[in-house]
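So that you can tell them apart, the chains are marked A, B, C and D in the order they are listed, and the count of residues begins at 1 in each.
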Amino acid sequence: MTLPWLTILLLLPILGSVVVALLPARLGGPLPKLVGLGFSVLTLVLAIGIAVAYQPGTGLQFAEEVTWIDLFGAHYALGLDGIGLTLVLLTVILTPIVMLASWEDGETGRWGAKGLFAWMLALEGLSIGVFAATDVFLFYVFFEATLIPVYFMVAGYGGPRRVQAAVKFLLYSLAGGLVMLASVIGLYVVSADSEGGPTYLVSELAQLDIGTAAGRWMFVGFFIAFAIKAPMFPVHTWLPDTTEQATPGTSVLLVSVLDKIGTFGMIRFCLEIFPEASRWATPVVIVLAVFSILYGALMAIGSQNISRLIAYTSVSHFGFIVLGIFVMNSQGLAGANLYMFNHGLSTAALFLVTGYLISRRGSARIEDFGGVEKVAPVLAGLMLVAGLSSLALPGLSPFVSELLVMVGAFVYSPWVAAFAVLGIVLAAIYVLWLYQRTMTGPVHEGVAGMRDLGLREIGALAPLVALIVALGFYPQPLLDVINPAVDHTMSQVEKSDPRPTVTEGEAQE
Amino acid sequence: MIAFWILAPVMVVCALGLLFARKAVHCALLLAVVMISLAVLYAVQDAPFLFAIQIIVYTGAILMLFLFVLMLVGVDASDSVVETIRGQRALATIVGLLFGVTLVVGIAQVSVGTVVGLDEANAEGNVIGIARVLFTKYVFAFEVTSALLITAALGAMVLAHRERLTPKLGQAEVAAQRMRDYAEHGKHLGPLPSPGVFARHNAVDTPALLPDGSVAESSISRVLAARGSVNSAPGSARQVQRLGGGDQDVPERDDSSDAGGAGR
Amino acid sequence: MISTAIDVLAAEGGHSIPLVEPTSAGSLALPLVLVIALPAVGAAILLLGGRRTDAWGHLLGTAAVVGSFVCSLWLFLGLLGRGEEERQLGLDLWTWFATGRWEVKLGLLYDPLSALFLLLITGVGALIHVYSIGYMEHDVRRRRFFGYLNLFVAAMLVLVLSSDYVGVFLGWEGVGLASYLLIGFWQHKPSAAAASKKAFVINRVGDIGLSLGVGLMLVTFGTTSFDEVSALTSGASAGVMTAIGLLLLLAACGKSAQFPLQSWLLDAMEGPTPVSALIHAATMVTAGVYLIVRSQFVFEYSDTARLAVAVIGTITLLMGAWIGCAKDDIKKTLAGSTMSQIGYMVLASGLGVAGYAFAIFHLLTHGAFKANMFLGAGSVMHGTDDDVDMRHYGALQKAMPVTFLTFAMGYLAIIGFPGFSGFWSKDKIIETALAESPVLGVCALLGAGVTGFYMTRLMLMTFFGPKRWEPGVHPHESPKVMTFPLVALAALSVLGGLLLLNDWIVTFLAPVTGEAEEHHLPVPPILISALVVLVVALGVALAFVLFGRREVPREAPTEVSFLTRAGRNELYGNEVNDTLVVGPGKQLTAGLATFDRAVVDGGAMGTAASIGGLSQALRRAQNGFVRSYALSLLAGAALVLLALVVVNLA
Amino acid sequence: MSVTPFIVLSAILFTIGAVGVLTRRNAIVVFMCVELMLNASNLALITFAKANGNLDGQIAAFFVMVVAAAEVVVGLAIIMTIFRTRRSASVDDASLLKY
């Protein structure tokens, strides 16, 4: 019998979380942080092992399935396909980096650094569960459970209005979760009526013949929850408020990992279980997505606060991801999947580096900065790299994904692409204007004498930047994993790429 | 059924009395009537064990406990009839009527079906029948009940227990306190005078008369004075006078003020 | 109608449109990789190495580019050694990304067009690196400057060597980034920071064209590599080809500062002068021309797109010339001139197969003489404490003889003095334009005259006349390390015309651009050349009358004609942008911020607040009276009962 | 013998008890009314036991009595405690636990 690797992967950080939390206070010092980091690195090693053992293109792997609640048809079912694998990798890569970067952020918080690290590990474990769950019920449980660590991470650590922000985050997420719960229950009702009896396994639900009207209602339920999570216009306002108050590390985990659940769920659940409803909703969703792209970008341009600005850029980027998902062709879907990974990296880099900046200055208002490049060139350089990756500069990883999404949108409709493409101009404006106002010009009196980055801080960012550059030139390993999953999704929604209008035979010499 | 038709009106009237009686002690007595009547109805319905329990536990124990508490609180304190929460009484009446009528109407709609009767279940006798069920099917609930009772007993003890706030005074301290009071306030040092002891009134509710014929207010219990059940001292004095021929001159005092002022 | 025209053309057997059919690079693979890798590694070392590399960073950077130039020569000689049919070398490095049917390879394509670009980029690049050693000597961040320059060279090489439109995009944005970094190199100056951002953002507008073009190509052909697209374009409808062509033109407009995306180029002069010479004169801004010529297999199938290219080029060449006439800032005058000259190239590439080779020819000669002049301007600024106002110059020919002489070579080249490189290249363009489209040709001719005017004005104001120097400024000749590149470039400016010897460049480029049929001119070419020279002479004479004979005021006169005022204001390009885009954009952003706060968030928070208010109201029900609670309890029970009874009765 | 009269009687007594809880202010009387309601339900239970022919109803009534006994003990103790501190047995006086 093979070991249940995914369960081990999922429990390892949670175990770490418990261990860190239970470490006696008198041991103090950096020990809890070291233990936490150790566990996250261990998880990373294990996940890399799993990724190495993963065979691209052979469907769900490392599957585990144990009946959990027979009455509902709920299973403890885990498994990884290409999409899940990339997101699990993203989670395990970011957690140790975030820990390293927020080494000192937790000290002044409500539960000290120990608490922050314990919550981070808990979030890591639960997120892995979300991305690996192949049972809707189990997914739902993990989906809601992730709110707990994030709530405490936001409410315990960060700015003065963090508690309000945490409550707002929680209420938004819970509201979405409840709408989704209705759909989850609806799935039970539909599957209970089918021949096989109630089931929550995605693989079985995907084969289920769900009525048109019921399917659409349930699709809407799932979609609203995922749209809030993602977040899309007009349910995005919790994100800027939360990131404004949260520590950079929390923001990274929130935006780079947790919000991916939304887009991941759209692919895994909306498209695969409700293909008919997904096709039905496509026009509306695409309009919303394009609107999110432009709206987020414009709001980012208008932001006076660095953290809020980054949050709005994420709204814009999530617009791209959703657009890629719903154009339902292989470029769009593969691009969206890749985008999720790349956006995780680039936003993490951006949040962390601006986090360093903000914590040095003690303010996140853009007008409080100026000329930082002069006093802290390394910081400025890394911020520029992170910013450029955010605006999808070719050669950095987000470019490939953004181009794929854009081209996918073009395949769907040139007009959609024509509007979405404005996002790349706006992206240049918000990133470079931010850079211009904070880093260039005469040195602002408040930043004079600012320390440049220390070794630990650079060390936390270096792997991110290295990954961003490496994947910018060679994203194919990830695409090799993603492409088969995309093909599967496409067959599930009964869509195929349109043929090129001009092919070999038609060309005349 | 005869018993029912006799008892039912009595019970309803007594229960209504519960609503209108101003004195709590009257309520308790009316409730006792209802409970005993219920016991009879239990007996009528082939539940002799519960009949006994009803009388022993309810009427015997619980109601006595009520009365005991009533005694502690004050037997003859009567409720004010003024309603303090606006609209409460009217609303309570309306909602109560609505509830009652609906309930009765509802019951009238339901056909219970044929009454099986307990002849079979009580074949070995009601007590044995109950014991069989209680110690088999409901034994767990029964055991839990014991825990409940113990908890209740402990709870009552905890609630009734009064924490001592000041250290207990010994004899020496009491004596010292008395001396101090005498020195500072001129308080009487010796024991309080005993109540009036006359040929006719050898009772604690009659105050002693001082040699000048006036009343010694400290000779009766404060509790009796507060309750207003003190025998009027001047009245007693006049009675004594009448009996003794009336030579002495007793100062006239107002009866009513006497009763109130006897306390302190 | 257009498609039938093409059919007719094809049927008549006109010219054949060359396909991209690369053969194996063979032994040239090594230099092909090295030519990019050297500057790329140089940039990586300089930028990541930090202060450790300060001492020798500039030398490493220069060595990398010189090495790259050596590789380019090696490649060029290798190419010449091959037969005419084997002059397209392909080298696939690795698959960049692949999804569905679409596979994008990071591949290199080395053909005559790339070969010339390689020589230009690495050659001029190497000279400018050498020059910068001297120019940037006193800048504490010189090492970083060389890092950026190396990055630029690497990106530019990627741009011209990529075998796929997406690969071109990589280089395209890479040079954009380098340009951004270099324009804003002195970023403590707010104007420099703003200019660099402006350049990048406007280039991004152009990138819209490239992004959508890639999308359209994928939809139409299922591929974006040059070889496959070129094999398929003949099957596509003219409408699609026009669309692709216009999208590529948009991209070219952004990168090459063509109308209507021209406004960033003059601001870009905020960067150090070597940057202006390398990026904003010789190489990067010509990338648009490269893109159009490279995509000849697209443009050849759409007359509309070609016409648009030619018209845009003509408009820009006139605009640039106009601006050049009015500016007092020496670098901005040169920038206007750059716009104008690139306009010529774009015009030429819009003329179709007859013009491609001349566009590239002019591009090469312009690369030499304009770099020469920019470096000369840098040398002048170096000698006058970084003063850029020509009204503060005058009589510099004695103080800076080498600079003057080399600058004069560039001057003669640009105005098209017979025998100098510019004469040959510009003359050919005007000639072809006149043949293909008289209107455009006349405009081009006019442009040549104006060029003569403003360049003469520049020469006169800078080097001749009385001294108008700022107090305390003592102009001096620049060090050898700066004058050597000037001399080299001046030589190229003079001799560049040799490329046309025996129509060599046309023949050499034919495998890429196709062979043009003889065009039929109404008059002999020699007459046209004479006409051009005459027009230029008129311009020169006019300038001489206006600026050579009269005193040049030290302060710019304010009472000037509308033409001058418009030219000084860059033909109100910035105002148009501000009015049409920036202003409404700002208002939109502000409006959206209000909307987001008031409506979107307000809606959510309003719901929350109303629920809060409701609970505040309902809180009153908790009055503490247990009897009230009991009443509601009983009422509830009564309601439940009532419901049960009613349901049962019904 | 019909059981309906017994049930109706039980209902009436229950209602009276409920109204008593609502209208009386003396905590002890309120408590008595609660007892009345419990007794009313006991009557119903016993009646149903007879109607159904098994003793489960009687057992339930038995348990109700036990619980009532426990409740009275604790409840009266609470009333005593309140009386000791507040010198009042009115339920309206104990109204501090509010908004």
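The rule we apply is simple: a contact is a pair of C-beta atoms (placed from the backbone, for glycine too) under 8 Å apart; a residue touches a chain by one contact, two chains touch by 3 or more.
This one's a predicted model, so the numbers in the text were calculated from it and none came from an experiment.
> Quick one: most central chain, C-alpha centroids?
A
> Could you find the chain whose CA centre sits the greatest distance from that of chain D?
The most distant chain relative to chain D turns out to be C.
> Centre to centre, by mean C-alpha position, how many angstrom separate chain A and chain B?
One centre to the other, that is 71 Å.
> In angstrom, rounded to a whole number, how far apart do the mean CA points of chain A and chain C lie?
Centre separation, chain A to chain C: 36 Å.
> State, to the nearest whole Å, the distance from the C-alpha centre of chain B to the C-alpha centre of chain D.
18
> Can you work out the whole-Å distance between the CA centroids of chain A and chain D?
It comes to 59 Å between the two C-alpha centres.
> Tell me, which residues of chain D touch at least two other chains?
Expected reply: 18, 22-23, 25, 92.
> Which residues does chain B have that touch at least 2 chains other than itself?
85, 88, 92, 95-96, 99, 103
> Among the residues of chain C, pick out those that touch two or more other chains and give their numbers.
Correct list: 623, 625, 627, 631, 634.
> Specify the contact topology among the chains shown, as one of line, ring, star, complete or other.
other
> Spell out the residues on chain C that touch chain B in their complex, using ranges where they run on.
Residues 623, 625, 627-628, 631, 634-635, 637-638, 641-642, 644-645, 648-649.
> Which of the residues in chain B end up touching chain D in this complex?
Going through chain B, the ones touching chain D are 1, 4, 8, 11-12, 15-16, 18-19, 24, 27-28, 31, 34-35, 38, 41-42, 45-47, 49-50, 53-54, 57-58, 61-62, 65-66, 69-70, 72-73, 79-80, 83-85, 88-89, 92-93, 95-97, 99-100, 103-104, 107-108, 112-113, 115-118, 120-122, 126, 129-130, 133-134, 137-138, 141, 145, 148-149, 151-153, 155-156, 159-160, 162.
> Which residues of chain B touch chain C in the complex?
Going through chain B, the ones touching chain C are 85, 88, 91-92, 95-96, 98-99, 102-103, 105-106, 109.
> Could you please specify the touching residues of chain C with respect to chain A in the complex?
Going through chain C, the ones touching chain A are 10, 47, 50, 94-102, 106, 166, 169-170, 172-174, 177, 180, 184, 187-190, 192-194, 196-197, 200-201, 204-205, 207-208, 211-212, 214-216, 218-223, 231-236, 240, 585, 588-590, 592-593, 596, 600-601, 603-604, 608.
> Show me the residue ranges of chain C that touch chain D in the complex, using the header's touch definition.
Residue list for chain C touching chain D: 619-620, 622-627, 630-631, 634.
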